[in-house]
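What follows is chain A paired twice: with chain B in the first complex and chain C in the second.
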Partner chain A sequence: MTELTSRAPTPTDAAPGRNIGFYAAWGIFILAVILLPLIFRSGGSHTTFSLIGIAAIFALSYNILLGQTGLLSFGHAVYYGLGGFLAIHGMNAIAAHGLPVPLPFVPLIGGFAGLVFAVVIGWVSTQRAGTVFAMISLGIGELVASSSLILRSFFGGEAGITTNRTDLPALFGWNFGPQIQVYYLIGFWLVISAIAMYALTRTPLGRMCNAVRDNPERVQFIGYDPHVIRYLSFCFAGFFAGIAGALAAINFEIANAAYLGAVQSGVVLFATFIGGVSYFFGPILGAVVVTMLQLELSDVTTVWQLYFGIIFIGIAMYAPGGLASLLMMHRPLIRAGTLSTILPADLIAIVPTILFACGVILTIEILAAYSQGNAGSSTIRLFHIPFEAANPMTWLVAAVLTIGGFFVARMTWRGVTAAWDRAMMAARERGYHA
Partner chain B sequence: MTNAIEIRAVEKAFGNVRIIQDLNLTVAKGERHAIIGPNGAGKSTTFNLISGHITPTSGDISLNGERISGLRPFEINRRGLSRSFQVTNVFAKMTVWENIRCAVLWATGQRYAFWKNVDNLPEVRRRTAEILEDIHLTHRRDVPAGLLTYAEQRELEIGITIAGGANVIMLDEPTAGMSNTETDRAVALIRRLTEGRTLVIVEHDMSVVFGLADRISVLVYGNIIASGTPEEIRGNPKVKEAYLGEEEH
Partner chain C sequence: MLELIVISTLNGVLFGMLLFLLSSGLTVIFSMMGVLNFAHASFYMLGAFFGYQISRWVGFWPALILAPLLVGALGMAVERYGLRQTHKHGHVAELLLTFGLAFAIEQVVQMIWGKLPMDYRVPELLDFPAFTIFSTNYPAYKMFMLLVSVVIFIALLIILKRTRVGLIVQAALTHPSMVAHLGHNVGRVFMLVFGVGTALAAVAGVIAGPALVTQSDMAALLGPILFVVVVVGGLGSLPGAFFASLLIGLVQTFAVSMNGSLASMFGPLDPSIGPSLLTDVWNVTIAQIAPILPYVLLVLVLIVRPMGLMGTRET
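Entry: the complex of A and B
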């Protein structure tokens, strides 16, 4: 105890958490947004980056609720979708009336649409947190999604509504026809939104959101109404979700019922959770991973959603802090210089772990081939090695890899845990806790 | 002069069960008032009634002459009453510094501001630093509250309670579960921090009660059976029979 306290940082009057690393991280983020499409120049990667940017804003907005305020929403796509629809209507109106509003301002239409609906819906749904809030969000999500198929004049029914983004006035000679121009529009709003949402966490309201997340009861006894805090948090989340939705509408030039449905609400939950709710950058990480998985995995396998689910369950069980927490766990080790001590154990563990993963993948693909009724003719390509799904040898390989890999891997994981504990201990002794 | 707290004929019933009946209690301004009584006598319920955690079924509670019964906890808090909890009730994932700062925000008029940088509020920073100094937790300022030792969490609990500058402070068993040394430290802390304010305290440790309190009320089965100075309470036969008698054998 005395040892702990004597090594704690010396108290200062200066505000905490403002160091070079902080500005460097933001600098790298902004540089990456600007430079990535110049490094990866194909049209496909520009599309991918655009989708990642949209998903990142959406996931960050979701984390205002989940990570910052402790509100689990199953219907966040409502504000994303309504933002998208309003943006399309806005763009069509601008084009039809020849209004002098260039495309880069359209996301504000989406943002305010999301905000207005959050203002209206949020007051009731944020009365309570926890299960009640989650259920209401689910109910409202279903309500809005089903009305999108009924109110055809506004939502366009199953076909949705379309627009043409190049009909809007050009800005500095950009008409936003090419994907790269759309990407930079999204990138601009990603940077603006990320900075704004980070700034929000550093305000009195943002701090009280955390307090409500940790202990809503106590908040009442320090003068704050937790309902008002949840409500304001909800409104901000709706605003930024609306911006993301409008960017999606600009990107695809269409909005349909899928924008505001339960699947979309689920994807943002996945992305935020996989990325990690307890660090601000977690949802950005999650947006990158989930978007890449959605795009790449679906090319490789027909049962990509199954892998998606397995990854989600794996994170929930073994790394509930998400990828961001996994990364940040290493920070005290890097600072204390003990990171290298865990590398040997990691390297030993990685071989059987990969073999185990290959076994699981092979098993899933065999089962998938059988369940789709084309096992006899199906060849599974795993890292370019062909396997016949109907061949018993393939089953044997899958079984050996899965079962054998698991038991060997489990033994090596113990080594990783032990090495990790030693490294953490050494880091603590040098005075680095987190 | 109006009293800090006045409870008149308060009753609280859950269904048919009346756990508080005809409760009357007066706490003068600047007084250190202890409420004692056997387990289940309704001490915590009394705290919950005064602080707005639960609403009385009937009767009247006023704070500094203003009626507060029926108000929500945060409305009562804004009128100058702050309470602590028997079970430590802090913001576990936030640091010690942030815990105290949150408790300072409303009192310094920040309300729900989302346009100010919380790190650039000199008044908030100064008061947070002062409170941390007062509760001797400055050296632990960057530790998440959930990782503090039990005694430190109890001190933080008191810090959060007093941080808003309320003039009526209510502490629910602040020394429960502490060792003798820790208790002495906590009592000295409470005495210093509630200087010039009204203090209402629920406590089981009789040495704390008789050492700290100007007046003592004895609560038995949801009813105040005696209220007076420590000497009067010590000499009161009803109290001896109901409560102290069991303790002193």
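Entry: the complex of A and C
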């Protein structure tokens, strides 16, 4: 189960203190978190940024398991959801008893809720890694999700439980009513959590997690207990998932059974994996991409989830390191200055690839237009070009684009591989290794 | 009470055999690839939908043959062009490929057939009560389902244990390179095994479609239970999958028909205690917790015996 992650390169071991690029990257990240909502001022974009921030914390916490410790979990939403529920109950209690706890501290309630449940559940589920762990996590996920519908007084049944974030005491005059204030709350916790989780990968424990992922037997010989290390990693993941859940509860002011369910666990797996598990920033990238896809695609097409699945399959088949490793692949080339030699081949390959993608999209949309029987509007709009779904010409275009694009793309990609190999060789000769 | 036991046992064995049709393929594919095929239940769903569509065009009996063949061919294509390509990236990538595939298949089914249940009917030939026990009519179609499952079970057993093909498959599972050295095309064996496994799942889908509900969420409902079966039975163990299928089938069927709760055993709680977690737990019936019983079983078995009931190795 750990081959994928074990072959992934660990973050470069250049001492961070001497690395200007390292601080620059964090500086840009923090600046982006602060400035983005000031550049995009609409309420809609503030909501989007809030969702991305929550998803990023959640995906980063998931990567403590998948990327750093090699544990594939199908039930990570349990800690996210329980963190959310506990945060809602906490907020209601604070408001009811008039406790002097302002809203920015509420995520800690969620975090500790996630931690406590991870402490309880983790000990038994981390005894084995691999498939056994994956299946226990799936089973516990289903258990908790089903129990949430039975234990109505705590989980509120299907309707869930609600709260009002403005009932809590204000902090520095902020009552967290407007979305922008909630965004900054989420951004604050995103930065804190990201720094904390990055620091975790740099501790001896973080290193031992990588060792357990790569070779648990050897770790055992050195004298560590892989179970304990997996357990500790699991607890940290639960803590940060709880923070993300609490932020989601604050953002939506409601928690319901969907927070804990298999869909939520699947989405975080999607985001982390699409972003890339082998680099620290991968899950953040994945959270951005997946959240944007969820929000944007659903406006454009009715079968957006199908595209989602296809993208996921494509990543699993052709780029199992995710988007992050696709980007980082280019780093030795940039450093060696040989990047420009692959650009012509790239440009040639990208044309038939885009045509192929358009063909697939058109085919799917034709099928969707037919099967859903939305009579009257059988016109498909693809990039603002209208197509008539019932017209045989449209079918022909789709077929030609799909089949022709596929074969031409396959041919041109061989050129890309060859150019890539040449550029890589040149980079190696100049002393830059991947 | 006796009536309940007899009927529930019959239904439980039936559900168990249906589960075995799926779990047998899943467990053989697991021993072959070393990863759980998340999309296995999706092939079951495809079987049901193909069966429904073909039986509307040409009738149920051709569908019983054609739908599994189609799904088996699809399964082989997935193995040949999907999983074999992904193998070099490791098990996690393969597992996630099947995960994405399960997701995509569900979306395609929803796109083509919609989200509502299909009107997939029992064939007229079998639409009569087989026998009457304790005033309950037991439908002939259910007996037919049982018969098909048992016949396939026996055929599978004979092929695997008594024929040369079965010998090669068994050898290829444990010693692929040795079998390849002996001149067999192991890649093709794997592809065929994958195809047969998915075709078996499709058979289960075709015959279960009319009895259960043919709907786009049927894979998502059955999939997790299927994993429970193969993991509880012991990954890669065919006898284990058989016993675990029957066990889960019986447990679920019996639990659904029982109405007992702590309140009915020990009497209701003092009404002065307001609604709380305690009252929730006190009043829940066994029938209500039936859906989560398999997972409880899974977690308990894995804690006590991580290799499953009959598994030989830890994964």
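To be clear about the criterion, the second predicted complex is superposed on the first by the 413 of 434 C-alpha atoms of A that agree within 3 Å, B and C clash if a C-alpha of one lies under 4 Å from a C-alpha of the other, contacts with A are read in each partner's own complex, and residues count from 1 in each chain.
Rule of thumb we're sticking to: a contact is a pair of C-beta atoms (placed from the backbone, for glycine too) under 8 Å apart; a residue touches a chain by one contact, two chains touch by 3 or more.
Since the structure is predicted, the reported quantities are computational estimates derived from the model, not experimental observations.
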Task: Touched partner set for A:26, first chain B, second chain C, both or neither - done: neither
- [ ] Determine, under the contact definition given at the top, whether A:420 touches first (chain B), second (chain C), both, or neither.
- [x] neither
TODO: With the two complexes superposed on chain A, say which partner A:395 touches: chain B (first), chain C (second), both, or neither.
DONE: neither
- [ ] Would you check which partner chain A:303 touches, where first means chain B only, second means chain C only, and both and neither mean what they say?
- [x] second
Task: On chain A, the residue positions that both chain B and chain C contact, one per complex - done: 1, 5
Open item on the list: Which stretch or stretches of chain C touch chain A in the complex?
Closed with: 35-36, 82, 85-86, 89-97, 99-101, 103-104, 107-108, 111-114, 220, 224, 227-228, 231, 235, 275-277, 279-281, 284, 288-289, 291-292, 295-296, 298-299, 302-303, 306, 314-315
Open item on the list: For the complex, give me every residue of chain B touching chain A.
Closed with: 51-52, 72-74, 77-78, 82-83, 85, 89-94, 97-98, 101-103, 105-107, 110-121, 125, 129, 132, 138-143, 149, 160-161, 163-164
TODO: Over in the complex, which chain A residues touch chain C? Could you list them?
DONE: 1-5, 7, 72, 124, 127-128, 130-132, 134-136, 138-140, 142-143, 146-147, 150-154, 262, 266, 269, 273, 303, 305-306, 308-310, 312-313, 316-317, 320, 364, 367-368, 371-372
- [ ] Flag every residue of chain A that touches chain B in the complex, lowest number first.
- [x] 1, 5, 8-9, 11, 13, 15-18, 199-200, 202-208, 210-211, 213-215, 217-225, 228-229, 232, 236, 278
